[in-house]
Amino acid sequence: MQVGLIGLGRMGRNMQDRMRNAGHEVVGFDADHTIADVDSLEDLVARLATPRTLWLMIPAGESTHAVIGQLSTLLQAGDLVIEGGNSRFTDDHAHATLLGARGIGYLDCGVSGGVWGLTEGYGLMVGGSAAEVEQAMPLFDALRPAGAREDGFVHTGDVGTGHYAKMVHNGIEYGLMQAYAEGYELLSAEPSIIDVPSVLRAWSRGTVVRSWLLDLLTEALKKDPQLENLSGYVDDSGEGRWTVEEAIAHAVPVPVIAAALFARFASRQPDSPAMKAVAALRQQFGGHQVRTIEAVKS
Amino acid sequence: MQVGLIGLGRMGRNMQDRMRNAGHEVVGFDADHTIADVDSLEDLVARLATPRTLWLMIPAGESTHAVIGQLSTLLQAGDLVIEGGNSRFTDDHAHATLLGARGIGYLDCGVSGGVWGLTEGYGLMVGGSAAEVEQAMPLFDALRPAGAREDGFVHTGDVGTGHYAKMVHNGIEYGLMQAYAEGYELLSAEPSIIDVPSVLRAWSRGTVVRSWLLDLLTEALKKDPQLENLSGYVDDSGEGRWTVEEAIAHAVPVPVIAAALFARFASRQPDSPAMKAVAALRQQFGGHQVRTIEAVKS
Amino acid sequence: MQVGLIGLGRMGRNMQDRMRNAGHEVVGFDADHTIADVDSLEDLVARLATPRTLWLMIPAGESTHAVIGQLSTLLQAGDLVIEGGNSRFTDDHAHATLLGARGIGYLDCGVSGGVWGLTEGYGLMVGGSAAEVEQAMPLFDALRPAGAREDGFVHTGDVGTGHYAKMVHNGIEYGLMQAYAEGYELLSAEPSIIDVPSVLRAWSRGTVVRSWLLDLLTEALKKDPQLENLSGYVDDSGEGRWTVEEAIAHAVPVPVIAAALFARFASRQPDSPAMKAVAALRQQFGGHQVRTIEAVKS
Amino acid sequence: MQVGLIGLGRMGRNMQDRMRNAGHEVVGFDADHTIADVDSLEDLVARLATPRTLWLMIPAGESTHAVIGQLSTLLQAGDLVIEGGNSRFTDDHAHATLLGARGIGYLDCGVSGGVWGLTEGYGLMVGGSAAEVEQAMPLFDALRPAGAREDGFVHTGDVGTGHYAKMVHNGIEYGLMQAYAEGYELLSAEPSIIDVPSVLRAWSRGTVVRSWLLDLLTEALKKDPQLENLSGYVDDSGEGRWTVEEAIAHAVPVPVIAAALFARFASRQPDSPAMKAVAALRQQFGGHQVRTIEAVKS
């Protein structure tokens, strides 16, 4: 089928390739016109036969709001917009309402798989009406991994639930990564363990902890066995925060996911104000020696 | 090669089968003589040609100490004992010293894979001398998963390191399980998600969180979609505790692994003394209504 | 000075007494007319000389919004509303805007001290304009503890900051309570400690952990040395959640406050869905025995 | 009464003063002879009338073991040794056995109060036999704060329980400090809060979070309102670790105390190996940009 793909970044380009490889006609648009098939959203819409299907793969938040705002005036009743970026699920409701007022359909699609999706396929979680999901199914089938549809695709519920499921997926991902990372650090701290990368590699098959993330860590350690070229500064991209916020809203205890999120926050602090306060307290009551800024710098 | 296998429980029996399937001669001993090939440790030792290889697969702690104590008097110089159970790594040093004083070799082997190891192979982490590891390699090759040896087997270092690596493996496992569990609970708490098991199943392929544990959770939810037949009472088997203790000894922060461990502790408390104290405090300062035991029971 | 006090619950009544004891004229209104001085908000407004000062001490959220909405039509320019309840700081901005449009002033006042405030005074954190703070200072001076004003009162900044500071105060409170509670539980679990309440009491003076909360815990244990009459079911009242949400918004790691919040969530779950999932996983990979619902019930 | 005090460091000297102020005869010994009354342990023992009372106030571990070893040969039946340092409670059992074999008594005394104990008195937790506790009561009465004995002194149980209670006290202390520190950091991160130190100071009276630690933090912020002269590098002195270890041994969940301990561990890491692993994973699956060491240095 024909689809207009908006956003040809790292993820978008790979998805374009995978859909084309499956025989779909993809018309790509990007702010960088040198990699796009059309020069404007207007051109893109004009190039597509009705009813049109548009797939967004751009940064969540302002960019996505702006493009959906424009599409609401360019598209017509019966067209369908699929938001494949990392929108917060609450944004999906606003998007769907805006477009729905003009008869334009809306699906939110959580997409997992990163740069490996091109070859391995993407895990897809889709929210919206059953009819619209059915309409776009050829695209989902092209993007998802080979094998049973149910193993890489799910219709999660109404609008917003696709991104909700993806949000929880990423929250879990934070926890998994931190669990491996803590184990890695502990093995690295124990001098009797000869070669940490070989231990992790030996967990690839047969063990209870085998996983794709573990394979990736093994891969990373092959190239840089002590991760000497990396800094332990870790960004977070929103979904981890939202997961904890939602857990709070539902009174669900999420100590592991929250701990993983806080570890990222802490990783970005050159010096921790909280720990300065703890140091100040120790100095006050115990006369404990503390490190002054000068001492640390010297 | 020939091996004496001590302990024919759930794990031992499967390992016996897998070694026999690979062509090894396994003489099995168990406290339950009806499933054993010999009636006593003495018989077992008598049945094996020298230099003998003995593999222990019995509960860690007292049982293992006792059997190794007996073996130290029954075996002779050149024989080799492999402790494949879940001993604490510190116990391995004692075992090796005891046996080493009589010229008997010792390897500690962390074994992962659970009931699936029979068909999929076991991940193996082995501590001890290179020569003794080499001597037992045919057994390790039989037990580990098919494929490259390095993907399912590692010689981790001197005696104790095999169980050390297995301990960390299990610590990570605690964190991974808790991460999936928290995500599962959050999805279950959100009414807009139609069918939680189908979401987890859709993560099986392509996604960043795909793993063997996730496959197992999907499998469990197939049989009992709301886990109605289970209680949230979760034992812990030692390795999680030891991992946190070792992390403390090495001053390694392990917030995720510790949180997973504490969640298990809490899961076993009918009522939390700590939370009673919090309730008592709220009642004291705020006149907050609290639940008395009677109210809860009624 | 004269003040109209709206809300004569546990907190409001005590504050009414403390202000009256200091010589202020308090006209009290409550939904329960039997304890009120006036029968309606209209009567209350009519009873006060202009410029009026109104103090709200009612449940945050809908009740507070509704009353402020009514006051915005009853009051006139130059009057002043002080929101002393537990409003979220974001609500204060809406309240101030609504009232400000009609020239009515607004202060948000975080009040700490619980049922003890009547005799010991209340800690006060106030947000709003300096002029309006000055205007209401006689009330603040009546309510705050005796001694230096700076030890029990602070003008925190613009509208919303009073409740922001109170929110953080309560977040800290959650952490403090949980810290004492964990220590209490550990002491209780150690059989060699003869009498836990006497240990806590002995910390009242001289120690690093002495505090008012500790005194309250000692008090509670005097009456019920093993807290036998309490259930470990603990509510949370919003501020702990908001603190964690704000910490997330500011990328501030708050592992202790979050852990205390999650402990409360968990305390209210008869059975944990997450721990069921962990139990299910253990059963899958290890054939570990798990507790079925039947086993637990029997 | 007469007492030999071994160890005249920051704590020991203050305690010497406080005991002397109460009329006791204190003979002080220290490795630094310039501040000591005697030149050797032998001299010290010779100077004391029998039955002697010796109070140790030296670093826990090797130093304490060594001195107690020496005392076991210098003292005689009926003498009494009080270990007032921060020994692990398990060490107390060894000490008591060693001395007890020669008829020498032993008490372990947890001492809290830091540098303020000289003027405010020390909170004391004492383990040992009732008779020996009674024998040393004049010293305890001199050291503890004025007021009811029960508010600053407790006989906790047999040998070891005094240090056990002190260990838990310090574990709680870790949690309390971290709770205040997290709140301090969050207030500092919120730009609308004008002056954080004044907020903390305003919590000194009337509020639920008022405590001695809060007073100390207020004091520290008076001198250095933004803690600019401190680094957030925080040592830990053993008790926090032991508390978590004991909690694990008793299967008591201590998420708050453990989080506070881990925050200290993390505060001392120039770069976190665990977070490097998380960064490596993100780079692998997402092509996420990470900070290389070079980028961070430049």
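Residue numbering begins at 1 within each chain, and the chains themselves are lettered A, B, C and D in the order written.
Convention: a residue touches a chain if its C-beta (ideal position, glycine included) is under 8 Å from a C-beta of that chain, and two chains touch if they have at least 3 such contacts.
Molecules present, by chain and UniProt name: A, B, C, D = Putative 6-phosphogluconate dehydrogenase.
Every value quoted in this text rests on a predicted model; they were computed, and no experiment measured them.
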{"item": "Shared interface partners, meaning chains that touch subunit C and subunit D", "value": "A, B"}
{"item": "Same-residue or different-residue interface between subunit A and subunit B, half as cut-off", "value": "same"}
{"item": "Centroid comparison with subunit B (C-alpha atoms), farthest chain", "value": "C"}
{"item": "Whole-Å separation of chain centres (CA-atom averages), subunit B against subunit C", "value": "46"}
{"item": "Rounded Å distance, subunit A centre to subunit B centre (Cα mean)", "value": "32"}
{"item": "Subunit B and subunit D, separation of their C-alpha mean positions in angstrom", "value": "37"}
{"item": "Shared interface positions of subunit B, touching two or more other chains", "value": "114, 178, 180, 182, 185, 189, 208, 213, 251-255, 259, 262-263, 266, 272, 274, 285"}
{"item": "Footprint of subunit D on subunit C - complex, ascending", "value": "112-114, 117, 120-125, 144-145, 147, 150-158, 160-161, 164-165, 168-176, 178-180, 182-183, 185-187, 189-190, 192-194, 198-199, 201-214, 243, 246-247, 250-257, 259-260, 262-263"}
{"item": "Touching residues (chain side subunit B, partner subunit D) in the complex", "value": "208, 241, 244-245, 248, 251-255, 258-259, 261-263, 265-266, 268-269, 272, 274, 285"}
{"item": "Subunit D-touching residues of subunit A, taken from the complex the two chains share", "value": "10, 114-116, 177-178, 180-182, 184-185, 188-189, 212-213, 216-217, 219-221, 224, 227-235, 255, 259, 263-264, 266-267, 271-288, 290-293, 295-296"}
